[in-house]
């Protein structure tokens, strides 16, 4: 059995463990144990992976396990990882681990909450390790559906509306994805032979051009919905605003990455010719998303809305980079996913903790929090600085890689969109500093806030682990970047091979 | 016109006239009575066609059973002498249209079709013994399976009717 | 060859200090942080001095006698493309070594000074942690081996500056000022980034040694006309200069610097006078060969922007009352002068006089401007006010501050033989060879400089006697000692034969004092002093009269030529109200409205359809029978194939 | 005994009776009268079965047996229907079919 299968087994065992728990405290600790184990497993995976690569193993994917589970449609449980997936798994385990601590003070129904949360995470893990399109889609759905319950039951504000909206829009995306995947399956053997869902096998083939042109928009839009692509991003502000802390963290931090990863792994990887042909449309949308999200965030007053729009901007950058079709930009895209994942999880964690104390998310009602909760405030400033791309944090590395990569496309169209997208870093600075200025600095506007307390130990674990994540990547990015670059080899070759077919 | 034709015309006239009266009468007990006439006339048709056994069944079950049941239920649910509310035009007009349209289509179809009628071989009366044999036979043209099915159905209907009609405990 | 790899510690030590003080500072008494920070910086200072000594005097020279330019230490940080990669390392050449000296010296003085100045402030150890962070960033910036490392540290100094300006975070004006500083420089950095991207795309490298070396790819590539008649290389250099202009507060990106004075005074001295704000000058100097050979148009822009900023800021400085703001405008003016020096310079030997002079001025300016700020800090410390109207006649109360302040004023006014005289004279000499108009402009600037500095000096230390709440008294030793050391620097720094060390082509040359320029310059300076004395030595109403006589011009100058208002208009009105707000509205109502509309339509349709299920049995039957009949009609009669 | 009567006559009779029943089914309000309409419909079908049996396949008894079964089913159906009707009447004190729309949507 491959180490990867553990990533699915551990959450499931944890859920079983939770079902046997008697008290809420036990539920929490079982969750912590399970997700801590998962985290350790992820680190072990990264180390093993690096060791394998260093030992000269140049297979496209490592730790493969392949079991047939539905013969009629040739569906396999086929798992394996390359550098990109390993990086995404590391991100997920970190965010989930922090998310458990961030939901320490969830109101009621602990058992159910943690069950769904961990179920969701197992879906995400399964998605990242799958090499079989069908199994991948299965896990994708597994990750999306619990979100409805998590927001609908434990959310705040207009939670039913938000949960419904989020789920419906994501389901709409899923429908497109399913069509696209079936389309790929039916065309997976253009030169005869049995049809297959296997990504690696399909990637060796060239699908018929007219099919590609039909399937690429389906898949890109389908995954783009989850990746908050303009104009399909509106579930994100409402959904995040209503979701409980840990769910926001997981959703923005990890689930939205499923979209980007899917665009990269399925849409672009399997349909490179179509990507070259119609990618420019989505590039325009992504660029709009980048700048639009930033400007949208500028005007918001609710902390979660600000962060949701900022996510739209940052995730737009991911799609933007993927559509640049070169190794550097794609590397940046993956790093941006990881960086944004940790960063935005940190943001949502902090917002949740602040909200738990002040019971408001409107920045105008708060002020001067630095004085009463220095730990949270400093962490917020760090998150903000990371978000606006300060060197030393992961955001800088990712953004710079993206921009340098994007600049390698020398035609005027790509130049213009790159400069537009790059200008978002200024707007980002504006809205981040606006929030920091109003929320944390200045005088305390509400006398009641003088009594508030700073972070508790579990808050601190959550926050510190995430900050360490962004800092380690930000200070020493080379290993990560090289690991991702290794995984990008096949896709870049495919794209290069596809390029001459451009009109 | 032979006697047969005359008999048929009389029976069918009764059937049609009383059918129409059954569905239009505004006194429900009268409607039930008209229905009785219709069913009796139908039995007459069966006699005409020499299905004596069938005619007997028609008389016993339909006339003796079903219609009596209907009349009982009428007595249970309505007051004698109550006139039914006349249906509104909104119901009558579409119903007449549909009925006429359907009748016309069916008649056209039926009349156009040339049925391969066999030569009628005089007065062959069906023997009750024969009926009984084929009813329980498992051979070709045997009806034991439908017979069993119907039995079960009747049993189920009986149980169902009792359950439904039973007064609730609450 | 001497091993210089220990210079990496110059970088590592401050960040280590930052982490230690930042994480553990609150566990101990505040003073411990101060002592740890200061002594740490002392070690760094020593290391820098040793490095400078070894570099200039011990290290062998290249074959042609020039100073070597080499990487003492370099490691891969991030791979980007096949060719492009970001390294982190230490580059040693004359200007970076000179900057090491400047930064560590001023920083050490400021550390020492801060122990006294910040005494008893809340967040004392935070202050020292941030100072360490700043020192780290600034040192990393100057020793950068490649332009991207420079950008990395460029951003870091920006954020340290942000954090330090907003040190008094409960004060709204400080918060606003820090935000403004960060955003304006961030905007400029966008230009820098685009410049870097273009430059690296064209040349395929970030590396300074490759870029500025004799075989630089910048010489050959990117020379074709690209946009508006200028080559790619020119555009990229203009963009890079935009970054430099932002950091160095050149017109029109200067607006953040005066506001940045909201930060604690030692911060103003360190960051906003001596070190960070000259990063732009340093950047242009670092890429100087590219500017000269590949993008002369961009260099002209540097010259014009520098010249304009210097006169512009000098005029405003004459009208301000907040002493720190006067000094801030003076800084802008002096940096403009440095930019001007670079802009008029050529490459190599005497051609490169402007370059040498600019670096020289940067060097001397660091001393006397830091001294002025620290002196101003001592004064503010004594009288608890920033406004010169609240001061007067302080020369008796604050003798040491007075003496050192006077030295700094004389130095900046260009009175021989103090530091400012030599460096300014060289810039003027270089300017006169290039453009007579701008030469005279700079002449006027130096007159104005003398005037406003002595306006400051006289109104603070002489002029009318003020009634103070409590008698101002001299600052403690930790504050006066740095003042004296810096005063010594301001006195003597000019005597260094700078052209022996720092030149455009790293070849020493001999520069002479040009009497034809020195004498008028000194005379102009003295005139300025005399006028200031005439106006402000005794309390008179002459200044008011002059101010009124100049009418709207002086009003405009007093209001800083309304640049702030213009910016406010653009940002608040246009960006906020006409872009961001409509975007938010558009998102809520159009994009989201479309999604909600979709849901609404679905809902509405189902609502309509569900009415068909009326529960009316006969209606169902009617529909069923009609349907069945229609099907019969259709299949039996109409659709008979 | 039925010489001289064409098959068509029976069919015409069945058709008319059937659609009269349909008309009643569509217009009557009282549940019992609707039940009676259904009986009419069933009866017309029976006539058809019997006639076809006699005219087309006089050697077999299919039509007759169908009729017998239909009568049996009709009896079962009527008994259940009346049980339901009485039940409804107990609850609503009315057996107007228009008011029986509780299970809509």
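Labels for the chains are A, B, C and D, by order of writing; each one numbers its residues from 1.
The rule is short, and it goes like this: contacts are C-beta pairs under 8 Å (C-beta built on N, C-alpha and C of every residue); 3 or more make two chains touch, one makes a residue touch a chain.
None of these values were measured; they are calculated from a predicted model.
*Asks:* Tell me, please, which chain's centre (mean of its C-alpha atoms) is farthest from the centre of subunit B?
*Replies:* Ranked by distance of C-alpha centres from subunit B, the top chain is C.
*Asks:* Grab the C-alpha centre of each chain and report whichever is closest to the global C-alpha centre.
*Replies:* Measuring from the global C-alpha mean, the nearest chain centre belongs to A.
*Asks:* Which chain pair is joined by more contacting C-beta pairs, C-D or B-C?
*Replies:* Most C-beta pairs in contact, of the two: C-D.
*Asks:* So, what's the distance in Å between the C-alpha centres of subunit D and subunit A?
*Replies:* So the centre of subunit A lies 66 Å away from the centre of subunit D.
*Asks:* CA centre of subunit A versus CA centre of subunit B: separation in Å?
*Replies:* Centre-to-centre distance between subunit A and subunit B: 71 Å.
*Asks:* Would you kindly tell me how far, in whole Å, the mean C-alpha position of subunit C lies from that of subunit B?
*Replies:* Inter-chain centre distance comes to 104 Å.
*Asks:* Please tell me the distance, in whole Å, between the geometric centres of subunit C and subunit D computed from their C-alpha atoms.
*Replies:* 98
*Asks:* Among the residues of subunit A, pick out those that touch two or more other chains and give their numbers.
*Replies:* Expected reply: no residues.
*Asks:* Which residues does subunit B have that touch at least 2 chains other than itself?
*Replies:* 91, 94-95, 98, 102 - these are the residues of subunit B that touch more than one other chain.
*Asks:* At least two partner chains per residue is the criterion; list those residues in subunit C.
*Replies:* 618, 622, 625
*Asks:* Pairwise, which chains touch?
*Replies:* A-C, B-C, B-D, C-D
*Asks:* For a test of understanding, state which residues of subunit B touch subunit C in their complex under the given definition.
*Replies:* So the residues of subunit B in touch with subunit C come to 91, 94-95, 98, 101-102, 105, 109.
*Asks:* Which of the residues in subunit D end up touching subunit C in this complex?
*Replies:* For this pair, the touching residues of subunit D are 22, 25-27, 97-98, 100-105.
*Asks:* Where on subunit D does subunit B make contact in their complex?
*Replies:* The contact residues of subunit D facing subunit B are 1-5, 7-13, 15-24, 26-30, 32-33, 35-37, 39-40, 43, 46-47, 50-51, 54-58, 60-62, 64-65, 67-69, 71-80, 82-87, 89, 95.
*Asks:* What residues on subunit A touch subunit C, complex-wise?
*Replies:* So the residues of subunit A touching subunit C come out as 165, 168-169, 230-231, 233-235, 237-238, 292, 295-296, 298-300, 309, 326-328, 368, 370-371, 385, 388-392, 396-397, 400-401, 403-405, 407-408, 410, 418-419, 422-423, 425-426, 429-430, 433-434, 437, 440-443, 477-478, 481-482, 485.
*Asks:* Touching subunit D in the complex: which residues of subunit C?
*Replies:* 610, 613-618, 621-622, 625
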